[in-house]
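Take a look at these structures.
Look for subunit A in each of the two complexes below; its partner is subunit B in the first and subunit C in the second.
So, the complex of A and B:
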């Protein structure tokens, strides 16, 4: 940046984008130029879900060392079941359904935070225990059945304006808002301050508890929104709809350049990591690898990327 | 007695009391659960009843001790469950017909475990993400070996798992032995102090002349060996291999370590506590079916049990501090 360091420094969070680009090119080369557009638009659509969940997880992880939300998949499924039950495939009930889903998420986040502070549990255990409870709620709501979404929700999930998918664009706007919030808003500054040093933030007059509560509630809300939209996209709420997002939400945050030690967050990097994840799946599928090899390569690539990406100083 | 000396005596007694409380709570939870089960079904209070109740606790005990070693270093292992799955596949496929090859694969797996432990330290990587990657590697390897559940455990392994040793049922013997060996090595021995120190204050241990890389490699290798034992005993119980047999072990083992008084800050773990935590968590499932909790509520009730036991710890920690 300064004259003392003339060489180009590649920020850690750009690695996701670079690798994602390489995978997109590899897939395109393998299966022809015609598929380039559809590969990218599928990755953007699925990436939008990963980014929404990941952004919530990022707020929790950034709020301090050890903070993490393992209840994300169960909140996704619970919110989807509750909202699908309320909407009952009726378009006119979509707004109440959405509000109910968001309320489920916010309450779940608050319960997580309550268990962490009131019982002094490590967040990993508190959110795990709640996820068991949420799973039971979901079981009793819908059982094994897949609940169908109203038509308007399915239509919105794949809506295109002038050939551009609306939902990924909406999520990109969300990322942009989150970048501004973290950099400029009082909440954003307080969140990062609390994450860097709880004591220093406390002495500076930050209500650390309230800031973390907000982070957990936003994380729950983001998971609930994802569950709601995902059931529109995939044709219904299913019990295991959130399962893959447990590890993925953590992985996209960390690969996106957010420090697990807290106090630092990178909303833009989540997009790179989410695109990397989805394009990698597409690429390995296109190359006709069998399932075992796909898993193995996924693991190797995750480790490679964290190992080669330079880390932010001080973390 | 001078005031300072008195202060020192009180100060030295407080942590000991806290240790006792931390192991005592899961013990009390375990005792209460057993009491409820025997009250509902008195016939379960027998050699055979104990064997049945705790059979599936054996692999979880080993998995929890494995997780405990990693948590002791200040890391966390998200690959624990899929490593156990891979072990069941290797065991069910090769151990009977090609014991030499099976042993070789086991050794490679443990060396890989140790290598990842060193990688995490040398590159200062977040363990949560590296072990997540490892879990995909173990899962992928086991699916390549055994695409769908199958194979068969060697007879001697299944026979050992249904062996009726003198005095106490096999699961109880194994739990006592595992807890005893762990307590001796980690809590009592001077090497244990160094190992715990590597998690709590790595710099101090390094200044004292120890190789942190060596400690990490050895601890991760030991964790791999314990996870291997979990996989072997699990194969003996289920008599077949399955890549997806134990994903729940990853988080259950973390729960057992924390339940047993461990903490994520590094260096603070209790092998006896982890073993009792594992017994408690695996008994919780049996308790709920004895209480005739509907299946749809069982997993939620497990979450509530986790809260109840840990809530007791939070309350007593406040008193003793």
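So, the complex of A and C:
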């Protein structure tokens, strides 16, 4: 296709946005124009969580072939439990709670990386193993109950400024910062260099280990932040709050145009993919499809998009 | 000839009546707690998943009751093993329990059919197998479970009693696609809905019994829906549904609650503020205790049906405060099933009499 029409090459990351837009329109047509705004705002609110956790996952995936973090759901839950325990529904403890959540995430990321390098485990095994450990920590943190967030956190999670939800906007700013970091900062360039060729990066003087450690720590931190915010949004920390984000964090990254082979990352595309996932669920629900058909269509659509979207550079 | 036949028939039916009258006497003789010696027996619990608060409480209830029974010399030992939603792992664990010489294995199965092989092996080895809150199709196992038709009927009957004959739109929140519990409860809802032609289920979403997922799914589908009068739930999803209606600035419909503390607290808050009424229904995590006592009673020699139905725990407006004061913050409503209560439940099943209700706390 791109050979026949060399001028209309659409960047891979735009496909998520295009399909998401199509689904938004289809849903709106089905259920009336009045629903357009609320459908989009629900997709943005929930998409923001997928984007936050996905952005962390993207850094890990981009840091080199085979790198992936499967401990994301359990880090989310652990960070949420730790921070809710510290805050104890008290507004004044929100800042320490947030810091504790972020610290949990950073430590979890560092532990993941240590297991990968020190024990020479494949990332898939190392992070999965740690996820069981994190999960059992969470059990001991009072897994028998949902821990409530302080009021200010719940308020922030649904806060609107002039009709615009604040949290998705904050996450959009995060995406913007991440784009600049990857393009302009030393860390960003080193991360992508390490992802493209570990040996070449090493010879060029990049400390590959340190760069990857940072990527894993940022990924853990992003997961922890998501867990923290999600507790505010949904009324508490629950053991299984992160479960749906395991596949989703990886899927939004790949659909967003980031190469699984590493060395190339696309923060903006994650938004398109996250909106796609949320609007697709809405659309399939709205159209009253049977559960089996929903799964089938979800799978087919993902395969189609990945197949149609042109391959990213370098792969 | 006709008269003779009639006479014979009356004689026969009289005999039948006498026979029938003596039968319950025989059954009654076995009512109550079987006292056979089980102090040397070991009971294990194979659990398919431990990753949510409901299951955590379920395990804890089992361990507490087991420890107490051990202290009372009713049992030698108990053990709990959990697999991580992996049926093969659970099958392997059960095989180990068989080899370790447990006398009874209680199983919360991750699949209706995949454990049949190992369940059969255990039965053949003379082990009592009690499957609970999950349908194991192998007939040698005792089953302890809720009747999900009753669950669905109770939800719809309550809604009908509130809304009367007017047309009503319902949203159904289901559990997990393909799951046995979800399928059976949904079938119960469909069956019960036939009796209420004015009630229309306008859409269904899968909430996975999780507040976060339910909130997300309901939020996504709400803009496309007309005014919703009531929401059918499966437990664990009521609070998320309420959050979705609130963030969409829609009035709160009748949401059937599922015995979670956050749901009950929300219900009370809304009741105090504007007279919001609903009711709450659900499984109790301590159903593991029922399975425990059923296994113990089988070992003690009690005759019982292969299927033991457990009553659902129901909370109505008048009992709301009492239950709310007992449930831990953020937790699930739970009840203790003593050996005596379980014996009553078993007898009610054997005699086809109404199940004893779980009493509200004083």
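Following the convention adopted for this analysis, the second predicted complex is superposed on the first by the 308 of 315 C-alpha atoms of A that agree within 3 Å, B and C clash if a C-alpha of one lies under 4 Å from a C-alpha of the other, contacts with A are read in each partner's own complex, and residues count from 1 in each chain.
To be clear about the criterion, contacts are C-beta pairs under 8 Å (C-beta built on N, C-alpha and C of every residue); 3 or more make two chains touch, one makes a residue touch a chain.
Quick caveat: nothing in here was measured; it's all calculated off a predicted structure.
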Fit or clash between subunit C and subunit B when superposed on subunit A: clash
Partner chain(s) touched by A:291 [first = subunit B, second = subunit C, both, neither]: both
Which superposed partner A:254 touches (first subunit B, second subunit C, both, neither): first
Partner chain(s) touched by A:30 [first = subunit B, second = subunit C, both, neither]: second
First (subunit B), second (subunit C), both or neither touched by A:122: first
Which superposed partner A:197 touches (first subunit B, second subunit C, both, neither): neither
Touching partner for A:278 - first (subunit B), second (subunit C), both, neither: second
Partner chain in contact with A:244 - subunit B first, subunit C second, else both or neither: second
Touched partner set for A:42, first subunit B, second subunit C, both or neither: second
Which of subunit B and subunit C A:140 touches, first, second, both or neither: first
Offending stretch of subunit B which, after superposing on A, collides with subunit C (from 236-244, 290-298 or 308-316): 236-244
Intersection of the subunit A residues that touch subunit B with those that touch subunit C: 132, 135, 139, 143, 291-292, 294-295
List of subunit B residues in touch with subunit A within their complex: 76, 78, 116, 119, 123-126, 128-130, 132-145, 147, 251, 254-255, 258, 263-264, 296-304, 306-307, 310-311, 314, 317
Parts of subunit A lying in touch with subunit C, wherever the complex brings them together: 27, 30-32, 34-36, 38-39, 42-43, 45-46, 132, 135, 139, 143-148, 158, 230, 233-236, 238-241, 243-244, 278, 281-282, 285-286, 288, 291-292, 294-295
Partner subunit A, residues of subunit C touching it in the complex: 50-53, 56-57, 60, 84, 177-178, 203-206, 208, 210-213, 215-217, 219-225, 239-240, 243, 247-248, 260-262, 328-331
Of all residues in subunit A, those that touch subunit B in their complex: 66, 70, 115, 118-122, 124-125, 128-137, 139-140, 143, 247, 250-251, 254-255, 260, 290-303, 306-307, 311
